[in-house]
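Some structures to go through are shown next.
Look for chain A in each of the two complexes below; its partner is chain B in the first and chain C in the second.
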Partner chain A sequence: MTVQLVEPDTPARPKLPPLVRMIVRRLLSASVVLLIVTVVVFAFIHAAPGGPEQAIAGREATPEQLEAIREANHLNDPLWQQYARYAVSLAHLDLGTSYTRNEPVATSIATAAGVTLPLLLATWVLSTILGAMLGLFTARRQGSRADRAVVGFTVVGASSPVFATGILVSYIFGVRLGWLPTLGVGDGGLDTVRHLALPVLTTTVVLLASTTRFARVRFGQVLDEDQVTFARARGLSSQYIVRTIVLKNSAVQMITLAGAVLVAMTGGLVVVEQVYGLPGIGTLLITGITMRDIPIVQGVTLVVAVLVVLINLVVDVLCFVVDPRLRKGLETEA
Partner chain B sequence: MTGADTLLVERLPRPRRSLWRPKVPIAVVISLVFLAVAVLCVCAPFIAPHDPSFINPAESFRGPSAEHLLGTDQLGRDIVSRIIAGARTAVLAPLLLAAGTVLISTALAVLAGYAGGRVDGVIGRVNDVLYSIPSLTVAIVVVGVTGGGFALSICVLMIFALPANIRLLRAAVLERVHLPYIEAARTLGVSTPRILVTQLVPAISPLIVTSFFLQVTFAIVELSSLSFLGLGVPPGSPDWGRMLAENRSALSSNVWATAGPGLCLVALAVSANLIGDWLYTKYEQAGRSR
Partner chain C sequence: MMHGTWMNSRRAKALAAAMTLVAMLATACSGSSSGDKDKNDLSLIVPLTPALWDTRQTASTLLAGQLLVNEPLMAYQQNGSIVPNLAEQVSRPSATAYEYTLRPGVKFSDGTPLTAEDVKFSYELHSAKDSPSYSAAYWARVKSIETSGDDKVTITLMAPDPQFQYTIAKTGIVSKAYYDKNGDKVGTPDVPNIGTGPYAFSRFVPQSETTLVASPGYRGKQPPYAKITMKTAKDDAARVLTLQSGEADGVLNAPLSQIDSFEKLDGFSGQEAPDLAYYRVNFDMKKAPFDDVHVRRAITHAIDRKALAEGVFGNRAELAPTMVPESIMAAVGDAAEVKKAYEGFAAGLTFDLDAARAELKQSNSPDGFEVEVPVTQGDPNQSLIVQTMAQDLAKIGITLNVKSLDEQGFGDAVYFKHTADGLSVDSWNGGTPDPINIPRNTLTPGLFGNASQYDNSRVNALLADYQKKDTDDPSRVTMLLQALAITAEDAAVVPLFTPKVYAFLADGMTLKGFDTFWYMTRWIDNITTSS
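The block that comes next holds the complex of A and B.
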């Protein structure tokens, strides 16, 4: 057995600050992600049987009309040319024009985002903050009756499909009690708030299960650490322990969790919007798929993918800023 | 010294409940029973009281009766029979998906963890990229535009389920790669595939089993979400997720047409989750006491 000493490599050129290097590396991998998503969606949508011409022209269209539509939308060109054209228009920040809605894809997405974004933000804030609070509450009294009740809820909540929870919630509060509307988005203002209440409740309940569970485990780990015992021995208040030790030590995990919740919602809200008949991004995607509206489907998936990539980047940067140990780690690693 | 210790121990609060605690939690027992019933439904669809696709418009949305225990749906089909028939896709597909995911991720994780270096790097990079793709959205698009196909939805969801599992299992492999018995096997000249299969995989097998059950839960939730959206399973087939979508409009005339399959879905997912959790806790405790 030989002891190997690795020579520390001398940097040939002045190195960029670690944060910048990390962001550059992340952006590189992000572009790979976006490339894969666009190519996969493009390939499947064009390889799939049934083109968009039928949806545009209607049932009575003659073969000549269908052919004209295919020709007008360049659907007869070789696939790589179509992808190249798509990529060029993307480079001009142009998502194209919807086949069936007669408006730019960007406009459709912006309109739909007006429904989805409030839903997304409200659910995100509620489920993350309530989850952290419940997690802390239960982590501090593990094994108690309250803790076991909450854990039971998280198991059931986390393994219920969101549409099942949604149907239950809308049945109880919408149909049985008749407190809140269960369909559509209302006509703006307070009415919209009322219409969004049940979708927000549904998604929050489902996500709360995961966030509580995660927060409880992490807070529990920190509370088990020697530093907490030592702080207790020094007679520091539990308020101090929670604020300075527990929260600081779990900040990275909680930021990651908040990001993961957002990412999970990009898929989950598609289902929630179907349950409550909301004209949001998810509904736009589903109708786009059934109508074979290629630009819409491509546009929505791209926007969602960009969103996810951005979320991941922000999460990484935040963790990096919050935790000096990570910064140190990056410096020694590189 | 010892005296002081005992004093301290005596002053500690005693555990409140000294009642007899079963070795296996009751919830897990119930879960196992439910899984067994579900598997029975898969193996013996003929226990269904009616033909699950027998249409009788005269009996549309009837409430529960002696003839139809959970009533009927819009086309007068028996809900109980459809639930039993639906167990096939509801149980088999998640099991298949989970088995595939766990198998592939074990292979890749063991490879990455044992080989290290470039192999590990490549698998890690690909993993990172896959991990940051919005999986359900892409799955919806891919399954939706190709006109469904249950096998395709299983494959797509499987690919997206890989990264998390590979990460988990790889970490477990890394903990063991440098243990003396692996090194001993290598010194004795045991071939690499043999070391992987006979030494490493058994060492992480508790974790493999655990992630299998947790994967089943995810698979149940995601697959049923796809069928709720009308993707994946063909129309008319007795799938629990699809039944919820079809029957929810008639909640007032027959609640059970929706509640029945919904409860089965949740119970199935919860069962798999509880069993997985229980195994995981056992595995963790075993690790700690070592």
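The block that comes next holds the complex of A and C.
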């Protein structure tokens, strides 16, 4: 006699859509990455010679004074205790208080972000859109004078260090033409817009080099594909071909490029901020490191890490949205 | 038809976008790079902007802003004297006591009256045991701060201190009630500090820029500028470009490495003055081979100070026979005695490679040695000095290897933990105009300025005796000269040179009486315009 075991009916768990599952998976792995970032930054800042008490009290400090400052900031506690205290405050979304500024780190970061974010977004939009436009323009005229001129410009842009470009731009627009200010962030409103104009121009010139060249190559590849040849043979207009074939087939790469540019800028605006004396995130990090302002360094690096993770996630999601082949792959994996 | 409409619509959109862009650019570029600067506005580039406008966290040039808002009881004058300011009068009941009577009718910028309690509170911010004050070392010598009534404050010191009068002149008075209300937030951008001075903080971006505006309720003569903007440029080129573009009217305490560039700028004129700062070579005397006086003397003779001064600073530094400039010493002592002593100091610092070799032969390292020398990125001159010194020292068998550190790393290695190999080069600034300031801070055992970890009982006793003398007693200079002579004999440090301090202002503007302590005066009144 054969006994057939029948499995009891269990209610099937509702399956999340593949895209949502991917996002959840990425967020979980991102949290591990962020945890590692906090540990590594904590270890590095504490391993660096010199402590915040020296920066706070100056060169004429007394030994008793330094000791009192260390005690007040729990810097004499074992490192694991200091990290645990930091982790607990993080769990309460508290980034701590700056040793040197006497204000919550979140406030310092928010103030600095008020300078960096407009700079970052304006530069990002300009460099990606202009880069795509110039890339398309040159891809359709490969070998022409215009193509060589644009490629030459991008080579110069790519070869020049940011600070050199910044000095040149400041000299032309600030000194020779006298149009725009070269130092500081201004008094808010239109004055701040004026103060950010040259930093935006500088960063855009530098970034245009890579965005234009990348776009030129990718658009050129698509323009060489058979589908474009057939479309032209069918008498379809150039604008139609660009909109429906070239841009659509390059969308994934261009979104990835835009994301990469944004990620690079998130940590790469330090030099521009220094050249133009902008009190942005990069400057905050540099002064935090110089002054050994541990909460500032930890807070800024964590926020930058979160931004990088989020940008990468958004880029991936957008790629899935615009490219059905990637969505299909995701569903197959599931 | 549809196609044509679409094209027209597309062109119209493109045109609109282009016009918007042009309008935005035009708006952004409207006006000049210097903005709509009023002649009543003054814009300056300064070396530093603090993280916090708290009197505990401002020293040196940062006092230029702080003391215009938070006035001191006594004010330092260009001629070196200290005169009553918020105090109406001061008396000395004993050598260790100062009794200040406050000027009546003084008010903070929020309208509240200044009281003796405010003064006591202001000073206790610095003298508290766990105070983060840059001046804590000076306030540590205070025994008590007492008030009587609303207008009298008595400060008693543990021992006589000739520098105390300068400490009072550097310490701004704050409002106790305002601190009680706002706590540690005072001095942040959201809670600007308030004082009794001619200016009030209007805008503050930590470590970047500050705007002061004339305080409408100020009791005295209104200051010459309605608004002062002080910005810090972190990049050398930016500093020059900002002056060139006309955005700033000048740069105060211009970096020495940029003087050449500033001198070539059209429309700006420079001013210079001797600085109370000196470059020195420190030997950590608790570390071999620098615990050997013959090694220290060998290095002293192997340093071509004249060539170093010319090579690194051009004509912008004077050789330093010792750690205190002769003019500072002569101002309080017998000029002939000082001159003779200084000639003796200079004679002991001759560049003589044969003498250096002979000294090294007598040492425990007759064949020379190799040493790593830390330099800080914050002062590019240090690296230049060490690399130039290394060429002559190599001739007697001593190899110097430069190690670049950031400022905190350098502080740790040289001042606080003494983790460096034992040889270092740095610049030490005087905190007050009294001649004892640098010797006391750099020769007293246990103080961080004593990078050599020098400890000589005779020198310690002489410095202590100096403190007990009245400021008008010329014998104190004799004591100080004796201490410096012993230090030179021990070759504890090699004094190199005293650089000058520079300011560049737009043509027609002058900072009258510009000197190394300009920031302690009410300097804004001393800016004159010829046009």
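The rule is short, and it goes like this: the second predicted complex is superposed on the first by the 316 of 334 C-alpha atoms of A that agree within 3 Å, B and C clash if a C-alpha of one lies under 4 Å from a C-alpha of the other, contacts with A are read in each partner's own complex, and residues count from 1 in each chain.
Rule of thumb we're sticking to: contacts are C-beta pairs under 8 Å (C-beta built on N, C-alpha and C of every residue); 3 or more make two chains touch, one makes a residue touch a chain.
Only a predicted model underlies this, so the values are computations on that prediction, with no experimental measurement involved.
> With both structures lined up on chain A, is it a clash or a fit for chain B and chain C?
clash
> Is A:Val263 in contact with chain B, with chain C, with both, or with neither (first, second, both, neither)?
Only chain B is touched by A:Val263; chain C is not.
> Of the two partners chain B and chain C, which one touches more residues belonging to chain A?
Residues of chain A touched, chain B against chain C: more for C.
> In the overlay, answer first, second, both or neither for which of chain B and chain C A:Ala110 touches.
In the superposition, A:Ala110 touches no partner, neither chain B nor chain C.
> Please work out whether A:Arg292 is in contact with chain B alone, chain C alone, both, or neither, and reply first, second, both or neither.
Both partners, chain B and chain C.
> Taking the superposition on A as described, I'd like to know which of chain B and chain C A:Val175 touches: first, second, both or neither.
both
> May I ask you to decide whether A:Val321 touches chain B, chain C, both, or neither, giving the answer as first, second, both or neither?
neither
> Which partner does A:Val37 reach: the first (chain B), the second (chain C), both, or neither?
A:Val37 sits against chain B, while chain C stays out of touch.
> Could you say whether A:Ala87 touches chain B, chain C, both of them, or neither, answering first, second, both or neither?
So A:Ala87 meets neither chain B nor chain C here.
> Is A:Ile129 touching the first partner chain B, the second partner chain C, both, or neither of them?
Neither: A:Ile129 stays clear of chain B and chain C.
> Just checking: does A:Leu79 make contact with chain B only, chain C only, both, or neither of them? Give me first, second, both or neither.
Touch status of A:Leu79: no partner.
> To test your reading of the overlay: chain C has the stretches 309-317, 345-353 or 453-461, and exactly one clashes with chain B. Name it.
So the stretch of chain C colliding with chain B after superposition is 309-317.
> Where on chain A do chain B and chain C both make contact?
Looking at chain A, the two contact sets intersect at 48-50, 163, 167, 171, 175, 274, 289-290, 292.
> Which residues of chain C touch chain A in their complex?
27-29, 31-35, 45, 51-52, 54, 57, 59, 129-138, 140, 184-185, 187-190, 203, 205-209, 211, 231-235, 237-238, 241-242, 244-248, 405-413, 415-417, 419, 431, 441, 446-449
> Give every residue of chain A touching chain C within the complex, in rising order.
Contacts found on chain A: 48-51, 54-66, 68-69, 71-72, 98, 100-103, 107-108, 111, 163, 166-167, 170-171, 173-175, 178-185, 187, 190-191, 193-194, 197, 274-279, 283, 287, 289-292.
> Could you list, by residue number, the parts of chain B that touch chain A in their complex?
Going by the criterion above, the answer is residues 125, 128-129, 132-142, 144-147, 217, 220-221, 224-225, 228-229, 241, 244-245, 248, 251-252, 255, 258, 262, 265-266, 269-270, 272-274, 277.
> Could you pull out which chain A residues touch chain B in their complex?
Interface residues on chain A, with respect to chain B: 29-30, 32-33, 36-37, 40-41, 44-45, 47-50, 155-156, 158-164, 167-168, 171, 175, 263, 266-268, 270-271, 274, 285-286, 289-290, 292, 297, 300-301, 304-305, 307-309, 312.
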